[in-house]
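In this document, chain identifiers A, B, C, D and E correspond to the written order of the chains, with residue numbering beginning at 1 in each.
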């Protein structure tokens, strides 16, 4: 099988996984809207929770995977690892955008503010910006090999940075109570909501995997296209 | 003639930025980062975020704008293309207007995109006042860009443009930035317009005086 | 040829000083329509400085320079924008000068850059950049041409294209000043030759009637003196 | 071998700065200007200068430092002299250490000269605490310069180093700057050392982790 | 001559791609001690790219390169520091390489820069910069020399100095690769000649036994083909 066929196959499989995940998402929402009780204090706004929390989890997963693959790249120097890492980063950025939009939509009715600088939000924001920087840096470098190496270095640095930012912001916050209506600390969820949430997390993990497969297949196809175009010339 | 040249130059500058978008994306991310860093770079027990907000907004715009301004003439320095402009029939006025227009668009877009984020982050949302705020931003930006364009044309001749531009420019930014900060907090605190006229007229006259002055002096800078 | 009837560049007693050093000293020269002045001389003798003075990019400390037509220039730096493609670069210059928008493509073809027309020039090779810089200088059909080492970095084919162009331009009545070390290649197109040494134009004579060997020997002799 | 290379590089960088002093003087003036602009860019009715002081100090140092950092690799880009270093027997470690040393001296001197001015402007003079403050400054500067040197070696390959460096660097500055601000206000408020150990250890571990990490990754950046 | 016995550069099937374009294609070559390989070919045929690959400044997409001695290089960019003087620049390189501190002055004299020794190079003319770049490359007496258009910008005297130096170095057993368009000047010093076209080394042959006219004609013919 040629590389292209493999990539196409992967894309098909990625499509299936994504489809499954979306079906799952629909299921989660039927469950959330029909079978899960409306939260007492937050009302219907809370329904966005089943997107927001899992999407946050999936984007963190995506960045973590990118960081680990970056580390792997520096040892293996394999182009495929680089392509997989950047695919994960891009999916992560897309998922973070979803997280950073659903968060405020929810936060406004619940906390009475669009944004609060708590540890989790802030470290995720910095992480998001860092990966935007990662993608911008890639865009600015033309040599494929240099691009892979440099972005891998940034990926590794980001991986190590996150715990530091988290601790920093956490300390900054906890030592001085924040002026928000409600603190975004994890509340204990009633069983049904928790089950719904866990299912949703599984669904979004699947969605991440599906996206990653699709994006990686696309990256490989682009790479193959470049190589073929190049062969025509030689 | 002047218009043709100015339009050609502004168009070319924006085409260069549009081509890669790297600089634009970077300036935007930079603005967001500065907003965030300034939030944390304070003693939270003593200073509330809301009180700091007007200052933060203008410090952010200043630094993000300075980055953009620097680029506009670095592009001309790369291969000494400024010499090419000077040899062309484009008048100094055309070069000045073209550069100013390109810069205003660049800086303006960065400002307008980061404004909602500022509102979000510092929780100052008073949408009703937005038109007034945008007016103030526009006025301050014109002052900033006009003086900045003149000065960056001067420093680009040295090997130190990236450090000398802020040094020369910052003193000139004191009146517009202070006015803008004063106006911003009044706007955010929903004060009556009467309380703002003083600062507005200061800002406005600074705009007019320095735009014209920069335009006139640019001639002396660019022609040998 | 239109020679001497129509002076397009008149430099009178031009001197230029940086700090305590006179870099160009009392150069007087006239270049008329149809004349090609070859500036030759050792490294650091002031050819580039003289060309920049004539272009009006620096102001002479003493003396005066008149240019009686629009200037096109090839300098040590390309004056191009790295972020743009070859065509975009020329299109910009065309707009600045109000020139026919078809001219860039025409010149790019002529300079052998047809294949690279939409390539960003940041990825150009040195010779390709030099070709583009020459196209840039000729774009608006200037009647005064100032070329600082125009053949530098060009391959043999490129050199011959440029020499061909210069012959055309000379015969159309341009005034051309060329600073170069490759005088053998350019001798045919030249009408006058100016020898520079330590900022002075020590000799200025028509080429007609001297053969290449003679000129080259004179150039070498002057270089030796300068050492 | 590594030492010889590192020393030669640091020495050369400082010679270049010392030669013109323009960059140094500019950075200093820049620092003073930022101190002043931040002073005015606040709503004076709501925020007292003293409360703002720690944040101002670190924002100033950050921006002044970023200017300096950018220069260190621009010098290598001018005529692609970085290629010369890469062809030389100087190891990547030597290049990294040399650049870091040069930067620390440059940034450190700017910081130490602007510190008294800061004390003067913001009226926070507590001379007794100065040694502690200098210790904190030193620690934050090391973190800043180590990461900054690594990142600037990368962005210098692009045409956008002056905008991309801050974008990549600022997230990494959050832990050191926040720690430094927290430590600074505690120092200025004359708090007991016990209240600082947490932040001190955060800053210290950041220093160690990122210095080593940057050193290791630099190898991958500089060798082809 | 030490030829062929002692290969200092061995390139095996080297290819380099940027985006979809192969810029260097399957170049294999060996340069031994005492050999001087002249790389000639049209603009944009990959000479500079090949030299950067051989230097190790870029990594080949395919194939491998071995360098068995220290490298000295003259590139399109001078690799010098504008803020420093000529002497300071070389002194820095000398320190980096652990070379005798007297060597910079010696080389500066040799390259005809004695008068400009303490001048800041930001004010150097193009030819003076090129001379200094050459001095920089030779400073640590490398046994592998990679020269990209070494004669560019040099006056006649400078060219002859460089050609003289190259002859010495060849005879001392250096391996030299020179990319150039001025093949007539450099043919005497060359032992081999490689013709580049579209990233390939289409011909690679010893110079011995061919006269200048022959080689130049072959070069021109190849250029024509490439058009």
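The rule is simple: a residue touches a chain if its C-beta (ideal position, glycine included) is under 8 Å from a C-beta of that chain, and two chains touch if they have at least 3 such contacts.
Values in this document were obtained by computation on a predicted structure and should not be read as measured data.
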Any chain that touches subunit E and subunit D: A, B, C
Intersection of contact partners for subunit A and subunit C: B, D, E
Chain pair, most C-beta pairs within the contact cut-off: B-D
Of all other chains, the one whose Cα centre sits farthest from subunit A: C
Centre-to-centre distance between subunit E and subunit C (centres being mean Cα positions), rounded to whole Å: 27
Mean-CA-position distance for subunit D and subunit A (Å): 32
Centroid spacing, where centroids are CA-atom means, of subunit B and subunit D in whole angstrom: 26
Euclidean distance of C-alpha centroids - subunit B vs subunit C, Å: 40
For subunit C, residues contacting two or more additional chains: 82-83, 123
Subunit A, residues touching no fewer than two other chains: 126, 129, 133, 136, 140, 142, 168-169, 172
For subunit B, residues that touch 2 or more chains besides their own: 20, 22, 26, 29, 33, 36, 40, 48, 159
Chain contact graph, described as a line, ring, star, complete graph or other shape: other
Contacting chain pairs - touch in the sense defined above: A-B, A-D, A-E, B-C, B-D, B-E, C-D, C-E, D-E
Residues of subunit B defined as touching subunit A within the complex: 20-22, 25-26, 29, 32-33, 36, 39-40, 44-45, 48-49, 119-121, 123, 125
Residues of subunit A touching subunit E in the complex: 142-145, 225-227, 229-230, 233-234
Residues of subunit D touching subunit E in the complex: 4-5, 8-9, 11-12, 15-16, 19-20, 75, 78-81, 83-90, 224
Footprint of subunit C on subunit E - complex, ascending: 18, 41-44, 48, 76, 112, 116, 123-128, 130-131, 149, 152-159, 181, 219-220, 223-224, 227
Residues of subunit B defined as touching subunit D within the complex: 20, 22-23, 26-27, 29-30, 33-34, 36-38, 40-43, 46-48, 51-52, 54-55, 58-59, 62-63, 67, 70-71, 74, 158-160, 162-164, 166-167, 170-171, 173-174, 177-178, 181-182, 185
